[in-house]
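Quick one: the structure is below, questions incoming.
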Amino acid sequence: MSARTTRQYIRRAQRPDGSGRSIQIAQRAAGSVEDALRGAATPLAKYGFPYRKPSAPKSVVVPRRPSELGDAYETEWARRPFARAVRGAIIDGPMRLAVRVVASPTVSGLDRLTDLLRTEKGAAPAPVIFAPNHHSHIDTGVMIRSIPAPWRTELVVAAAADYFFDAKWKASLSALALNAIPIDRDATSRATFDRLRDVIADGNSLIIYPEGGRSPDGWGQDFKGGAAYLSMRTGAPIIPVHLDGTGEIFGKGAKKLSPGRTTVLFGTPLTAGDGENTRRFNERIEAAVGRLGDETLTDWWTASLNAGTGRSPKLSGPDANGWRRQWSLGEKRRLSTAGIRRRRARRWPDLG
Amino acid sequence: MPRPGFVLDVDRSTPPTLFWRGEGFSLERLPADRSRIIYPPEPQKGLDNLDAHIRDALLNPLDMDPLPELLTPGMKLTICFDDASLSLPKMQRPDNRQRIIEAVLDMAAEKGVDDVHIIAALGLHRRMHEYELRHVLGDRIVDAFMPKGFLYQHDAEDPDNLAVIGHTDEGEILEINKRAADSDLVVYANVNQVAMDGGWKSLTTGLASYKCLSVHHNPESLQNTRSLMDRHHSALHKSIWRMGKLLRDSGPKVFQVETTINTEAFPSNFSFLAKREWEWTAKDRALFLASSKGLNKLPNRTKRKIFHSIEAPYRTTSVQAGFTESVHEKTLENVYSQHLVEVEGQTDILTMGIPFISPYNPESIMNPILVMCMGLGYLFNMYRGKPLVKEGGVVIMTHPTYEEFHPVHHPSYIDFFDEVLADTTDPAVMSTKWEKKYAEDEWYRHLYRTSYAYHGVHPFYAWYWGAHGQQHAGKVIIVGGYAPAVRKLGFTPASTMNDALEIASDTVGRSPTISHLHVPGVLVADVK
Amino acid sequence: MKALQIKRNVAKFGAARILGAVSPSGSTKIGPLEHRTIDDPECPGDGWHRVRTRLAGICGSDLSLVGGHASTYFDDWVSFPFVPGHEVVGELTDGESAGTRVVLEPVLGHAARGIELPFDGASPADGDDYAHLAVTSAQGVEPAIQTGFCCSTGGGWAPWFWAHESQLHRIDDEMPDERAVLVEPFAGGIHAALLAAPALSGVDEPVVAVLGAGTMGLAAVAGLRRYVPGVRIIVGARYPHQRALAEALGADVAVAASGLDRAVRREVACHMIGNGESGALSSGAHVTIDAVGSSASIADCLRFTRPRGRIVLLGMPSRVDLDMTGLWHREIELKGAYTYGTETLHDGTSTTTFQLAIDTVNAVEAERLLSATYLLDDHVDAIGHAANAGRRGAVKIAFDLRDSA
């Protein structure tokens, strides 16, 4: 984290026109429901164990059941035929509709992938690793819909174990709808890597966000080496992808969806060169995505010139902190498709 | 890695504790800060590829020549095996005895042994039904040997088929099955569930006559058996070992095969039984509630049907073969490693839940005498060193103690309950006054020999089994027991655990210390 | 880092409160408290230290928050989302002082916000203008009464948090963590005990009744015994182990809570007017310390506190439904006791409550009040244990983070 947002002297909730009353009303309502329920539930109080969970005696250590969530969640079931069929229906039905309505993506750069897609008749294309930048939860939906169909059916998404797999329902839903696989973004564990490698070896392609999380402020973050390492170990090429506009639609911390336009730009597949180490390869991937970002805002030739002379704008934005960082973000937004966001009706303040 | 057993000090956070109540269970809250619960060790890991281990044990026996070298064509080979009283509940097929006997028969066939008899060593227990034989021995053995009469059950009342081996130094007679006595080699196939079983006891009781058994199955020696689970402090076992010495010196050659099993007694739908209460998952709790609520609604008959149909997923933890004494030492070591829990000192009260089964009612009814036998005979004796309860303390059991008897299996039990217990509950008195009458009753003898009844004297033995506990405890209370039956046993009925503790306070004061034996899962408390 | 965090989620607060009526553990599970990976808080500025948590206690106010019962009064005095935990013993991590163990004085006072102290040597909680708690400067920490209610500093239910120099009390090596974690609650109890003192000055044989003997009530008993000389302490507590501890900490009489009125009457030899719950003593205890803080407990205190006596409210009362006639008629003073600060003792010396608390926990070996510790992962069990502490024979429950470096 770099930039610190400045605070207002008095927070909105504390101002007389703030919405602080809602919590008071809610609490009063909850209180009355609670009182009523408590009365009704009094007879239940005598039902202790075994109707309720037992408490443990003080002198014993309750063995810790290994967690089946988070990093350890087993997603194998989501790649069985039935789950795939359900997922196919979700992706081609509701997801397709939602992505079109919310994000209206313009996809380009697919011609760069034709060589990889050209296979023996009927054979599935070799697995690849998509490495897009990450601004929003909707990124994954947009990616899945933008990726060419031959890969889409065998697509796995690396998702943060601590966010998407921290509760049973979230984990099942992520695994079913997105074919997500938990990845520990803090410490890259051996198990996580092995799992991803096996999945790729089984012929699945992978979406992995090298930034490790959504952008906190609209600018990108430094790429982590996981994607590069995985590509070097499995031989699957990296396809750099730049997503633009998703952060404006539903960025980190956003409460509301503001539908708009997005651009998805696929880059030239990359493989590690001879003698190239993970760090170097990772930098190359980061540069490639950055250049695609430049290309999205300007044009291919300008981006190429910038790249050639080392003037490509960095994905992670200016080094400056504070207002200058936000200011240059505005500049970037002005150029991007997000600028042509659908206008929303202007809401006038309620003068009560 | 199975966790060892341990002693839990009950505090206010301790959930209520599981008690057996016959064909059902209950959860009882024991008083905090002065109660302790003794939890058995978790089941040990079983042997993979048991058949190979059995073969290995037969080929590398302890202090004896390998089995094939003992086998010669034209020899008389007798194979004996433990009856249906082991294991409890019955183990899933194939039974260890089937595995052992098949391995022995394979070797015998290779060596061309023709004269092979297979005898169920059931002592004075009831004869096994054919389906039980099939369960224990498997269809191959039964089909090959039974029709020709080479597979049969020991008969302790057949004068033509008993032979006296001799008398011990103390004048005890050893009289066993004649075929075994005349054999060139006796192979004994054993399943060892508790430390009481096995060793010389297998042969000298399983194949003995009433006359021979009554030498040590009497009140005097059982009152001096401290405890049944500790061979070295048991008058019963000392007598048996003297007979063993005699058997070794002047009897047939005995090749003992013993197997030890772990404590995995219940299949997964009763998995909560073996778990510690605070580790019960939502599923365990739901299973407990469903089964205990459901069972409460069923008639006893149906409940028994359900419970006696349980087949235990026991795993075998060791196999040893060879000279009986060497084998048994090793067996005991393995049994104790599964069962022993170290316990510090005695308490004023011992509580225990009495299950639906005892060694004397497989496929049968747990009648009041067996409740006494199970509580004071078996569970009370689950100690080494000194009893869990202080002398003069209180034993509290939970069991419905219904007055029901199996008419085929337990005919003499019914009369014992009506006639003998109405007169006395003192083992010494009943042994002099009544035992002979029951032992020599022609009708009981007939049922024992031809039907499936326990011997006429067996209820006395069951009662003597609890003699030490009866003598040691100042008071015995049965929670939830049918009052008239409980009183007839000489015990005190109580409707709830709190009532029982209240009644106990007359004997042990207002704030007694309490030990609870957490069953199922067998344990032997090593009381320091 | 993975920490327990409370978000300002109206639905979760409501749901926790409603479900709490039926299933307390379910209420914790769906409630506003969640164990999740949170963004590491940034250093709020100069004079702030990164403190690695060793033990962090669970306080009654934390329980009411987790259960959705907290008063909306504090809505504007806290900043969501925050990591709870203000009873903390930890160790410094940076520089040469790394490894030094400290006890946290949680109030985010003037010094922590870079504002001039109300007087020289003031403790964080001193002063009679709370503006600095609720508003914040451009670079300061967010509004919050204490660490443990503040989104900028983090709190004790996390592997580490930020604490200002003014909040830290370094402790000796001899003091075990288990004792040190009780310093903060003891400071609260001692503060309440010292608030009783002014109402006792000049009284012969003063009698103080303490209602409730959880951690705070017991701490108040210890404080009364040590710092208010000559007082007779009558404790009403619900559970036997609480009564035993109260007597061990210096109570003269410990009785069941329901019998406290009669115990006080015996002590001061007065009349009892009326019967049972409507009965009031003609006289009563000079001061009553209410360490429960419910409608019923305050109503009880009004019955057996002497006319023109004082009730010190130590337990957080939240919303109560109360007949105040007794207060009016007996001209009783109702005195709140929130935290701690600078205290003046009977002999005129002046010191901080925390220093007194550190002395007291050492003197009474307060670690005996810590009944159980849990890992953050097991927070549902921990909260359940703390909420049922009395019934389960416990006093203080804490999180143990010593292994989660």
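Going by the order they are written in, the chains are A, B and C; count residues from 1 in each one.
Convention: a contact is a pair of C-beta atoms (placed from the backbone, for glycine too) under 8 Å apart; a residue touches a chain by one contact, two chains touch by 3 or more.
All figures in this text were calculated on a predicted structure; none of them were measured in a lab.
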Chain at the geometric heart of the assembly (C-alpha centres): C
Chain pair with the higher count of C-beta pairs in contact (B-C, A-B): A-B
Interchain centroid distance [CA atoms averaged], subunit A/subunit C, Å: 42
Gap in Å, rounded to a whole number, between the CA centres of subunit B and subunit A: 63
Centroid distance [mean C-alpha coordinates] between subunit C and subunit B, Å: 59
Residues within subunit B bordering two or more other chains: 11, 13
Overlap residues in subunit A, where contacts from two or more other chains coincide: 53, 55-56, 58
Multi-partner residues of subunit C (at least 2 other chains): 385, 392, 394
Subunit C - residues contacting subunit B, complex: 385, 391-394
Residues on subunit C engaged by subunit A in the complex (per definition of touch): 2, 8, 10-11, 13-15, 17-18, 20-23, 25, 36-37, 39-40, 42, 68, 72, 75-76, 79, 134-138, 140, 142-143, 319, 371-372, 377, 381, 384-385, 388, 392, 394
Residues of subunit A touching subunit B in the complex: 48-51, 53-60, 62-63
Interfacial residue positions of subunit A with respect to subunit C in the complex: 1, 4, 6-7, 9-11, 13-14, 20, 22-24, 26-27, 29-31, 33-35, 37-38, 41, 44, 52-53, 55-56, 58, 64, 162-163, 166, 186, 216
Contacting residues of subunit B [partner subunit A, same complex]: 3, 8-11, 13-16, 27, 276-280, 282, 285, 288-289
